[in-house]
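Each of the two complexes below includes chain A, the first together with chain B, the second together with chain C.
For the complex of A and B:
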């Protein structure tokens, strides 16, 4: 075939693939947001309707009565449990990953395998024992009761990902810093940390999403005070069926912070994934 | 500034010993080059001096102070790495100011020293750039700048020029030497390139497999290599080796059917039977008589100033000769070669060691 024709075909094929991927990822998102503003009577009509007069009635219903207060509290709970989990995970995983990547303690590789092994435990297995333990501590239905398992499950994954980022940084940079007058801690702070930041940001997003979307722990471990947005979403399934519109509205509210966050750190994520995660 | 002293230094990785008891004295202000083939332990030795590798046994002192257990940051040395190790997230200015900042130098003094270094190195236009926006030569200069602003006791260089192209390498080589002549800081420079070693060093340390083979000035090593390894390693093109038999009756070294050479010194040690005779390319001449080593011309390479000719002897040994005068030789032609000096190098064929 004529090379220019091949190149043209290639271009269109790549274009088609990109469109397919975009549709694949954007469609569910668009669907949820559309559902949240669709009149209730056509919410699940078949064939689906894409043209209608948008309505805010579901948001209204969601906020009516004590709904607003419950939703607001859930929103704050979600933000706090996720945020604190992310921070604590970073604070624990970062030094752990750094030392595992650099100091090579005896059996370092074994430790890493063990760490990943912990993550392979199905989370649901932990729920019942945790429930009993938290009951005896009197902390069920508190944010702490969620943060503990979130951190516990995120740290192994985060450590493992970060080891990859740290291993990827040339060791000469650190050595140069140590010769230039840094101890190990200063070298880490001035040289390693700024360079690993994109990777750390990417890791944080991943661990944050685990907490943000979690239902496995939040559903059984919270009742009133510590409910999170996914729990509220789960309550849209009522005896009469599913309140699709309100489910869409809660979901939309859940998506917005994620989109905002992703938007602000996306460059770092891409860089992070490209530089370390693959190798890790 | 300071002297650097290494006494019986050894380094093992696990059960594998890679530095086998090295002794080395670098005088205050001296420029010493560690040279040797890849993997011989040059970097390891340099890194032991820097404190980046622990010392398995032996002692290392910098300026009379034993530094075995001193952290790199407290050894007051600067190091230039092969890949420069510039901090990617800092500008040229910040890179050079970093060691001063870490050592608590006052801001005004930092400004003064960094500007001065940037000026010397021609980096003034690039101070606000990040390393990724610099060429290889500029990065190399920043790495140098980061080292000199410190005014350390000693500079350590680990193959700092090997990532540059040939032309820039020659240029930077001269610049580093000039810089050393100007500021006179004790320097230890690692390279695998013997030309770099010859041109830059006050003294060269030739290493092989974790031991020092010979220490001496460039011309010392060139004129009096202690063994065939040093003889072959130093000099480009390489020295020629011919194997010969010691003729006990005539007390001469027989190099070819009708050609033998005298031992250069009058008081001869006891000679082994098998001898390797080393002769530098510029010390071979075309015989005016029928005496000499028969050699066939293989390749003629004129460079203008001199002509390099590759010969093959009858037993297929390669011989390289360099002629400063214009000569007229054609491939395939056979001539007789003779040493133009009486001081060829005699080595024991068994051990490779120099005889006398």
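For the complex of A and C:
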């Protein structure tokens, strides 16, 4: 065959593959988002309807009345536990990562091995003991009961990622700052931390996603007051088909921030996974 | 003179201070590590030890009076109970199949996205979305698609004249759940493999092309050996995380129907929070941890051999 024809065929084949990949990736999510804006009478119609007048009635139902109270509370709980876990994790992990990457204390290598090692621990191993401990403290069904395990699980990954980012910064910069009269801490705060901002962003994203998406801890450790969005979504009884519209609405509320984040800070995510996973 | 000596003295002391700080032979490095070590110790290590302790006790919240030390009694009970044994084997099978599919699909996808085409950057970002969203949402989205009466999948196969299936019924539930798992986590492999493909030197590919190597030969003999360590790493991570799978199974089937999708993660949750048998739940989670460690160690050995050759 003519080489130019082969090249053209190849081009179409690649195009087809890419389109298939996009469809397979996006369709399940697009479909549930679409369901959330369908009028109740056609949300679960058969055959499925692709064209309709969009409505926000399911969002309205969720946000009003008793259902709305539960969802509103879950939304606030999700944001609070995610936000606080993120901040506490960074406050704990950054100093540790700085120490391990720059100050190289004796025994540091063993600590790094320990940090990588605990990442192998399946979170579900911690659920039963933490459940008993929190019960005896009387803090089950509080945001604290969720923030504690989220911080514990995020610190190893966050420390590991930040070590990578700190190692990539030129050492001369902070030395220059210190010779100019800054102390270690001041140099860290004014020179290192601003330079490591992309790393901080990537690290916060991963910490945040862990908390925002978690079901393993939030399902058993919360009942009423501290429930988060994944718990609400997993509890909705939908076999009858009545609630699919509202379920779509909850799912959409959970997906949209993540999709926006993905596109705005895509480079940080890629960098984060590359440093957090590829390097070990 | 007095003024001059005054200006000299602080300078000398500050220089000394700078040197001391630079040599960092003080306690600062250790102080900075304290919060992280306390967090890891209290939140990960102490509960782990407590879990091991629980696994050696009969510990049922419904019968608190009978909480006694039973040695390896719980472990014996677990390996003699066909339900737990089959959940363990199911988990291993589930992991093997999904991880293999993720690695094959993920690598192919990485090779595809590594080609230049318009909108490449956008597509690379788009394919990341499934791995970043909640497993609960992934499970729910697919449950809507799998729905027997008004699901999209039955509608689509109906267009080709096929009769509707009960996708989450006893026969098809396991493969249906596996597809969701593969859909959600293939992007992770793709992302890592894309990073790996960047490390393949362009000159090497060009020179092999000059030598007349076909596309497949170039992949098999040039690219593949170079990316094998990264492929193994993706394999380690996906294996580690799939063995503990919980949320998608919980949302899609809850482990049913008739335990046909009862992976160990769901089994642990059920033992603890439906039967309140914390002793058995702790035992099952220690077994999960042991399996995870064993498989990871095997991979690590492979990785090291790979690094040596």
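As a working rule, the second predicted complex is superposed on the first by the 202 of 280 C-alpha atoms of A that agree within 3 Å, B and C clash if a C-alpha of one lies under 4 Å from a C-alpha of the other, contacts with A are read in each partner's own complex, and residues count from 1 in each chain.
One rule holds for everything that comes next: contacts are C-beta pairs under 8 Å (C-beta built on N, C-alpha and C of every residue); 3 or more make two chains touch, one makes a residue touch a chain.
Computed from a predicted model, the values in this text were never measured in an experiment.
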First, second, both or neither for A:178, with chain B first and chain C second: both
Of chain B and chain C, the chain that contacts the larger number of chain A residues: C
Partner chain in contact with A:44 - chain B first, chain C second, else both or neither: second
Touching partner for A:167 - first (chain B), second (chain C), both, neither: neither
Touched partner set for A:149, first chain B, second chain C, both or neither: second
First, second, both or neither for A:195, with chain B first and chain C second: first
First, second, both or neither for A:186, with chain B first and chain C second: first
Touched partner set for A:265, first chain B, second chain C, both or neither: neither
Touching both chain C and chain B, counted on chain A across the two superposed complexes: 175, 178-179, 181, 183
Parts of chain A lying in touch with chain C, wherever the complex brings them together: 14-15, 17-18, 21-22, 24-26, 28-29, 31-32, 35, 44-48, 91-93, 95-96, 98-100, 103-105, 108, 111, 114-115, 118, 120-133, 148-149, 151-153, 155-156, 159, 175, 178-179, 181, 183-184, 209, 212-213, 215-216, 219-220, 229-230, 233-234, 238, 241, 244, 247-248, 251, 254-255, 258-259, 261-263, 266, 269-270, 273-274, 277-278, 280
Chain A partner contacts - residues on chain C that touch it in the complex: 14, 18, 21-22, 24, 28-30, 32-33, 35-37, 39-40, 42-48, 50-51, 54, 109, 112, 115, 117, 123, 125-130, 132-145, 147, 149-150, 152, 155, 158, 183, 187-188, 191-192, 195-196, 230, 233-234, 237, 240, 243-244, 246-247, 250-251, 265, 268-269, 272-273, 278, 281-282, 285-286, 288-289, 292-293, 296
Of chain A, residues touching chain B in the complex: 170, 172-173, 175-183, 186, 190-191, 194-195
In the complex, chain B residues that touch chain A: 50-52, 71-73, 75, 77-79, 81, 83, 85, 87-89, 98-99, 102-103, 146, 150
